[in-house]
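Next come the structures, one after another.
Below are two complexes that have chain A in common, paired first with chain B and then with chain C.
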Partner chain A sequence: MQPEARILPVTPAQSETRAQLALILLGGGVFLAAALFMTLGARGSWAFVLQFRGMKLLGLILIAHAVAVSTVLFQTVTANRILTPSIMGFDALFVLSSTLLIAFMGSVQLSGLDPRLLFAARLIVMTLFSMALYRWLFLGEEQSLHRLLLTGVVFGIFLRTLAEFVQRMLDPNEFMVLSDMLFASFTKIDPVLMGIGWALVLAVTLWLARNLARLDVIGLGRPVAVNLGIRWRRDVLLVLALVSVLVAVSTALVGPVTFFGLLAASLARLAVGTTRHAVLLPAASLTAMLLLIGGQTLLERLFAFNTALGIVIEFFGGVVFLILLLKGGRR
Partner chain B sequence: MIETRALRKSYGSSLVLDEVSLTLPRGGITSIIGANGAGKSTLLSVISRLLTADSGAVSIDSQDIFRAAGPELARKLAVLRQDNHLNARLTVKELVSFGRYPHSKGRLTPACREAVNHAMTWLDLTALSDRFLDQLSGGQRQRAFVAMTLAQETDYILLDEPLNNLDMKNARAMMLTLRQAVQALQKTVVMVLHDINFASVHSDRIIAMKAGRVIHSGTPAQIITPAILRDVYDMEITVQEIDGHRFAFYYG
Partner chain C sequence: MRLGLAFLLVAALAAISLTVGVSGLSLSRLLAGDGRDWLILWESRVPRTLALLLAGASMAIAGLLMQIVIRNRFVEPSTTGTVEAAGLGLLVMTLLAPGAPVIVKMAVGAVFALGGTGLFLLVLRRVPLRDQMIVPLIGIILTGVLHAATTFFAYRADLMQTVLAWTQGDLSGVLRGRYELLWLGAAMAAVAWIAADRFTLAGLGRDMATSLGLAHGRVLALGLSIVSGVTAVVVVTVGIIPFLGLIVPNLVSLALGDNMRRAVPWVAVSGAGLVLACDILGRILRAPYEIPVGTILGVIGSLTFLILILKGRRNAA
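Showing the complex of A and B:
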């Protein structure tokens, strides 16, 4: 029996209650955090404060949802709980795509371009890349988790390094444009990008909501899923494409975050104690929102720190990653 | 009817399936026997599209399995592998209900519920239906997986060592259940068995494999003989007939 079995529910009724309770608590927590985030320490014109903070809040919600959902989906299709898209370098892929786009087209052409078109171009390049790179990794008939883990982590490092390498070869002007594109932060979220982001993420979420049963079957692993009539190649590639879209949205808005998704997904799994996507996906999304909005409120409003949230989240996410790795090694 | 044509499969330099051509008519129980590593599981996986062969073809009712649509095939053929590990945490009932996915895409109809309940009754799981799989013994878990396969209500049922972990009583009950499904519902069952006496008593056909080849096939009376068993297992095995069934003795 696995060590976590002790904290898992024992009967279906308990399991149901626990999942519902967890969702209600998480939802309440997010609501509270959002209310505090909007109102705490506000001075001056309320209309201005609410509009300004409202924008930020919308951004945080979008990022949290995209990161959490992409992590859970990725873990479902790869049948593991340790790797995430960002550990595998999906976000590095997005950085790389943007870098290559600039390297080949030049900053002059790019800066004249409609930002929506530019985002679309980056997204398409990234999705094609990820399809090409990851199809051989995930579509094999016999999979070893250890091989996947190893190649995954190595791939992530490789892609990040490659992106950095290409960046060093850019001329200074182009590099400026690129860093503008890449290092957006919570404090200066581009409203146009956010609009596109919301549209894309809502579309993905709608598709997911209608395919929860299919995701559950995919989560049973390739042999059982194929037996139940899942077209494995097609469906896994489709889900990986959705993951690419989600990662692209969050990376475009805040830049790469390595361990945040893992932290949110792992905490959500603990909280709900079930693998049903109808419960797990919203739970992960709410957990991520709670971490991000709650964390931001605490640091910014109470402690008056400004940029530390990313570091704090990455630290705890990294710890979770290590724990999972060690636990996985013992099994 | 299941037909395989010249199936070949190798891992690295070792040939695991060597030109396997078989015809399994509709109806009846076919058992596949052979030593560890003979290629039985590989053959079953290739027939059920879980594994692709390097060359050769498989067809079911004259339709190529790799060209058949996934969901349609899942309503015609169900397969259970030798080892089943799930990442998901499910109750017995939830697992068995997954067998209905090809029919209902996750929304259980009254007919689905009935099929699920039948499958659980056949495998004596009703009392365990609300238990999580990680709270079951090995044999109970094995029965839950077989129940899922039966709940799929397919014409063809492929099982890799379904008697794994089962005690005498449950092993016999499962064989009788399968017999009944074959007789009453005209199912076609193909299974890998290590207990050659179960194969002898309950099969209509036995296929013997060795080193990736089908070396013998026929009725139990034709296969369960000292000469053929020696050929298959490389050991001396006595065979006796009791009550019209042939039994192999290899314990002493």
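Showing the complex of A and C:
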């Protein structure tokens, strides 16, 4: 990043070039990482390796895209750069709703159900919950960012411990079923769910692609946006519903990852230096892919660590969060 | 007088705790000198009850001490990185010197805990705008970062099971010979009581305390050392008991105000009582299985914490 870009006014053309350059670099990086991921250390039949790793790669791309886009959207709607859905407890909500579903229905009934139906049920529960949470936190009186963050973080802890408590109340057998449902890893993704996930995420992405300008206006904040003809409440709730869908997809596939979205979104903002969604959304998505695929390749192939990627991401994401908090205090 | 009633209540809870468990005890058989019943009582129930009392009281006092010294209502060892750092220290000892006696492991844990607290204070110092909310927020995130580091090493060394034992306050494994270290924790908490006035002064802030003739830095160091020591003892013997040190002092101060010397006995009694009640609940809710006390307190504690935060919102508005 050029340091003078911060001080001198940047012309639109300059910022456009920079954004394009960043996107191209990111895209190239993702392509390279994906190629390495597919080929490095392969032994035996290529047909098998490519198919096996191709599935994993599709999963990683899906998760990266869902997490990054949901984070950027959430940040746009709430008008700040620290909040992310998972920090506000969305992931924990998903874990809790799955737990409650098993607790009330029992694993026998659940295993008889179509997994797609089950996923739909969890999705609806979660969307309703998150709408309620959002209205309570954001559409009420104006409040300080720190209190909001703390509320979200503690609320997340509450939901997680509540889920843990309900899990303890379950039969050990039912608990086994549940932990299979909840604690998937980046490398072990259910193909049926992945199909649904791709369909949902593609639909959301298409809607977003047609409404990029509207997102830009929402990002200007409520007063300006309303002046420019945005129906604030309706549009914001719609965007939040989309966020819920994306979070549900990623959480259903890999389980909760608290700081990944924040890490990807913050790095993408740093890279493109613009808030235009036409640039920011793809950049965040590509950054997330680069982190996830590159990280997985490095850890799996070079260091032979298997599922530690989530932990490494949590570590660096947490550090980024602290830095953002400290910078926010300085301003 | 009211404190006496509270003591009685806790004593009653302790008596209940002696009788609740998977294998039944009966008074008549105890009086008849039944060997099996006495064995269960001495080897398991009495140690467990004592461990609950000691851990509850000393963790609650540690929380109070930390809140006074750091001057923030929402800090306690599990929201400042202290607990996680202690766990990291124990993990390091398990990796490097697995044969070391528990007291040595605990000492190393305490040193790490102090280091974690120091790191937290160092980060805090970089925040010029210190509103009440950002302090625990930074602490919780720091805890998450330390937790990720601990998990990473534990995962590499195949020690996840061991780490899980520390991160979940669970007393089902407490037997005679496995909890006595907690007396040391209680002794440290007692020092905090004796020196309560100094800490109250230190809580007025450095300038004020110094002008009143207090060696502020030294008192601060003593306070944080006590907190770290108690934390390490509790983590190594029974595991993390989350939010106890946060909610108990806050509830007590709602009732009594902020004088530490007056608050300490109340905090100790309420902390012990709350942990006892939660553990008894954990033993009967899902008998014959047990729900760890850490899980129950996690739910109650985080909910109370949430209410405290939101209550502040209404007051501020």
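Just so we're on the same page, the second predicted complex is superposed on the first by the 315 of 331 C-alpha atoms of A that agree within 3 Å, B and C clash if a C-alpha of one lies under 4 Å from a C-alpha of the other, contacts with A are read in each partner's own complex, and residues count from 1 in each chain.
The rule is short, and it goes like this: a residue touches a chain if its C-beta (ideal position, glycine included) is under 8 Å from a C-beta of that chain, and two chains touch if they have at least 3 such contacts.
Every value quoted in this text rests on a predicted model; they were computed, and no experiment measured them.
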Looking at the overlay, what does A:Val312 touch: chain B (first), chain C (second), both, or neither?
-> second
In the overlay, answer first, second, both or neither for which of chain B and chain C A:Pro191 touches.
-> neither
Applying the touch criterion given at the start, work out whether A:Met169 contacts chain B, chain C, both or neither, answering first, second, both or neither.
-> second
Would you sort A:Ile230 into first (chain B), second (chain C), both or neither based on which partner it touches?
-> first
May I ask you to decide whether A:Ala79 touches chain B, chain C, both, or neither, giving the answer as first, second, both or neither?
-> first
Does chain B (first) or chain C (second) touch A:Leu212, or do both, or does neither?
-> first
Of the partners chain B and chain C, which touch A:Thr275 in the superposed model: first, second, both, neither?
-> first
In the superposed view, which residues of chain A touch chain B and also chain C?
-> 141
Note which residues of chain C are touching chain A in the complex, please.
-> 74, 123, 126-129, 131, 133-134, 136-138, 140-142, 144-145, 147-149, 151-152, 155-156, 242, 285-286, 289, 291-292, 295-296, 298-299, 302-303, 305-306, 309-310, 312-313, 317
Would you mind writing out the residues of chain A in touch with chain B in their complex?
-> 1-2, 5, 8, 10-12, 79-81, 141, 212-214, 216-217, 219-224, 226-231, 273-275
Footprint of chain A on chain B - complex, ascending = 45, 48-52, 70-75, 78-81, 84-91, 93-94, 98-99, 101-102, 105-107, 130, 132, 134-135, 149, 152
Contacts from chain A onto chain C in the complex sit at residues 141, 143-144, 146-147, 149-151, 153-155, 157-158, 161-162, 164-165, 168-169, 172, 258-259, 305, 308, 311-312, 314-315, 318-319, 321-322, 325-326, 329-330
